[in-house]
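Two complexes come next, and they have one chain in common, chain A, joined by chain B in the first and chain C in the second.
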Partner chain A sequence: MELVFQNLDLFLFLFLLALGFSIGRILELRHYRSIRQREQSLADILAFTNRFPPNPVDRHDVRLVSGAVVISSDYFKQFVAGLRNLVGGRFRGYETLLDRARREAILRMKEDAKRAGYSMIVNVKIENTSISGGRAGTMPSFELLAYGTAIRPARSA
Partner chain B sequence: MSNILVSNMELIPGRRITSHLGLVQGSTVRAKHAGKDILAGLKNIVGGELKSYTDLMQEAREEATMRMSQQAASIGANAVLNVRYTTTAVTMGAAEILAYGTAVVLE
Partner chain C sequence: MRFENRTPDESVNYGIEHPLKEFAWLLGGVLGGLFILSLLLGYFAGELAARLPYRYEKNLAAEFGFRSGNGQPDAQAAAIERSLNRLAARLVPHMALPDDMRITVHYDDSPVVNAYATLGGNVVIFKGLLAGMPDENTLAMVLAHEIAHARLRHPVRSLGRGVAFAIVLSAINAGMGHSVASNVLGNAGGLTLLKYSRDQESDADAEALAAVVAAYRHAGGSSEIFQVLEHAAGSEPGRVTMLSTHPLSQDRIDAVAELAKQRGWALDGPRTPLDAVLAGVHADEKPH
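Then we have the complex of A and B:
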């Protein structure tokens, strides 16, 4: 027991590392499952990066739709990222983090369009901002924003 | 301001632009309160979505869009086209959200 108190810093660090690794992993798997499910249920909402809709002549109703998510790294990933910086190369932990956030943002944009009664989104843009400002010692967190113009043939003549 | 049409396309299909009134913009700088910041700090250990920040940014973006629409209305436009959003972290825990676009009159 005395050993624990003498090395409290070390034990706290290991505890946070284990917590980040285990819970972070569970949350990630759960999030991916939910993303896949919702991607399938929203597959009928089409999203394009085209600047104009397929038929740019007829009258259309338009509406700006957006979806955003702020996501943060976990303690374990940040620690591994620190090590990874020494040797460089690909870092899967952050790749999945950003991938999840981006897909989530797109899903929320589609949900926004669906709620408003639209089934097509054109001119989709995706933007990524670092919220923590990249300051040393802070946990990296990002905002992912997806926005575009929802469009449908005009209902009134 | 709901009568102002806001879109990030450069044209609205089937509608003619009768006049072009130049750039309009709206921005807001937001910070969250300390309580939420502490909770977010705890959330940082396990990672994942920071819900309070997401809400904050969403709210800020709506505010910026509204200010842009107000400016457009004040110069007599009925639509803002080619709208873009940018976000910049000003300091730790505060961000500026800017919305800008071209004010036009649609027939």
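Then we have the complex of A and C:
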């Protein structure tokens, strides 16, 4: 017990690392399950990066739809990224983090469109904003925003 | 025409590799690299430090505020220091010190069983160790060993190595590097954390033995010091810090005996008793 108190810094660090890894891993796997499942169920809402719909219609309703996600790294990912900083290579931890964020943002945008009764979104764009501002010592956190123009054939004659 | 948004191919944008595998590789690689780097840097820093002119080492010792003892020296402590320095003066002519190197022996009246050499030719002997000395020959072996460390520039080498190591550490973590650096550079001028390698210890043993033989005409007392330490460790292990800074090993005792045999030195002879002042040093009563 004395050993723990004498090296409290080290034990705290190991504890945070283990916590970051285990909780982060559980949440990530759960999130991916949810993403895959919702991607299937929202497959009927089509998103295009083109500015105009592939099947042009004369008259249509339009509406701005968007989906935003704020993500943050965990202690484990940040530590591994710190080691990566020394040797270079793929930041795998951040790759999955950003992949989840992009897909989640698109899903939220599609949900927004579906709720409003639209089934097609054109001119989809993804923006990101750093919340932590990239300052040293802060946990990297970003907002990812997916937005586009939802269109449907005009209902009002 | 029919359109669909296909689900993303999950093998492209991110790896499916388990994150712990990457973690293990990175940590192992980085720690291994740092280990090799710190060994290399430490070696060169040590060699460089040993080539530092001695007067700079003296300035360093002054700069780190080297002081011995705990508080005001009383008359008895001053007398003990005089006796110790007299003994050192008897050994120094046999040790081929550089011209500008002066050995100063300090007495510390704490009950720790230890002695150490530090920057600037300063040698510190603790009361705990002094109280266990059976005769002058054994004490001379201890003193000669510490003087040999000073002559071989071990304290400044160790300091150079420690500082280089701290620099490597501060590359990863500024706080960690800083705490190591301030440890190495001595908290409150103690400089007791300087550690010597096994080779340095045996080099110092060999030099000390030669000096003791030259001064007393026999090697008596050279192996007793280990027994004194072992005895003290048996009664109160926590106090015998000398065993952690000067690791005890049968190899060292054997090496000393072997060296004496090779050179044809007498292994023992008439012992010189401690002078009245030094013989009057007794261990404290154990605190209740």
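We adopt the following convention: the second predicted complex is superposed on the first by the 154 of 157 C-alpha atoms of A that agree within 3 Å, B and C clash if a C-alpha of one lies under 4 Å from a C-alpha of the other, contacts with A are read in each partner's own complex, and residues count from 1 in each chain.
The criterion applied here is as follows: a contact is a pair of C-beta atoms (placed from the backbone, for glycine too) under 8 Å apart; a residue touches a chain by one contact, two chains touch by 3 or more.
Only a predicted model underlies this, so the values are computations on that prediction, with no experimental measurement involved.
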item	value
Chain A as common anchor, with chain B and chain C clashing or fitting	fit
Touching partner for A:46 - first (chain B), second (chain C), both, neither	second
First (chain B), second (chain C), both or neither touched by A:80	second
Chain A-centred angle between chain C and chain B, computed on Cα centres after superposition, in steps of 10 °	120
Chain B versus chain C as contact partner of A:36, first or second or both or neither	second
First (chain B), second (chain C), both or neither touched by A:55	both
Contacts of A:96 with chain B and chain C, given as first, second, both or neither	second
Comparison of chain B and chain C by chain A residues contacted	B
Chain C versus chain B - closest C-alpha approach in the superposed model, Å	14
Overlap of the chain B and chain C footprints on chain A, listed as residue numbers	55, 77
Parts of chain C lying in touch with chain A, wherever the complex brings them together	1, 3-5, 7-8, 13-15, 17, 19-20, 22-23, 26-27, 29-30, 172
Touch list for chain A against partner chain C, complex	21, 25, 36, 39-40, 43, 45-48, 54-55, 76-77, 80, 83-84, 86-87, 90, 92-93, 95-96, 99, 103
Contact set on chain B toward chain A in their complex	5-15, 40-41, 43-50, 53-54, 57-58, 61, 65, 83-89, 91-92, 95
Residues on chain A engaged by chain B in the complex (per definition of touch)	16, 19-20, 23-24, 27-28, 31, 51-53, 55-60, 62-64, 66, 68-75, 77, 97, 101, 104, 122-123, 125, 127, 129-133, 135, 138-139, 141, 143, 145, 147-149, 151, 154
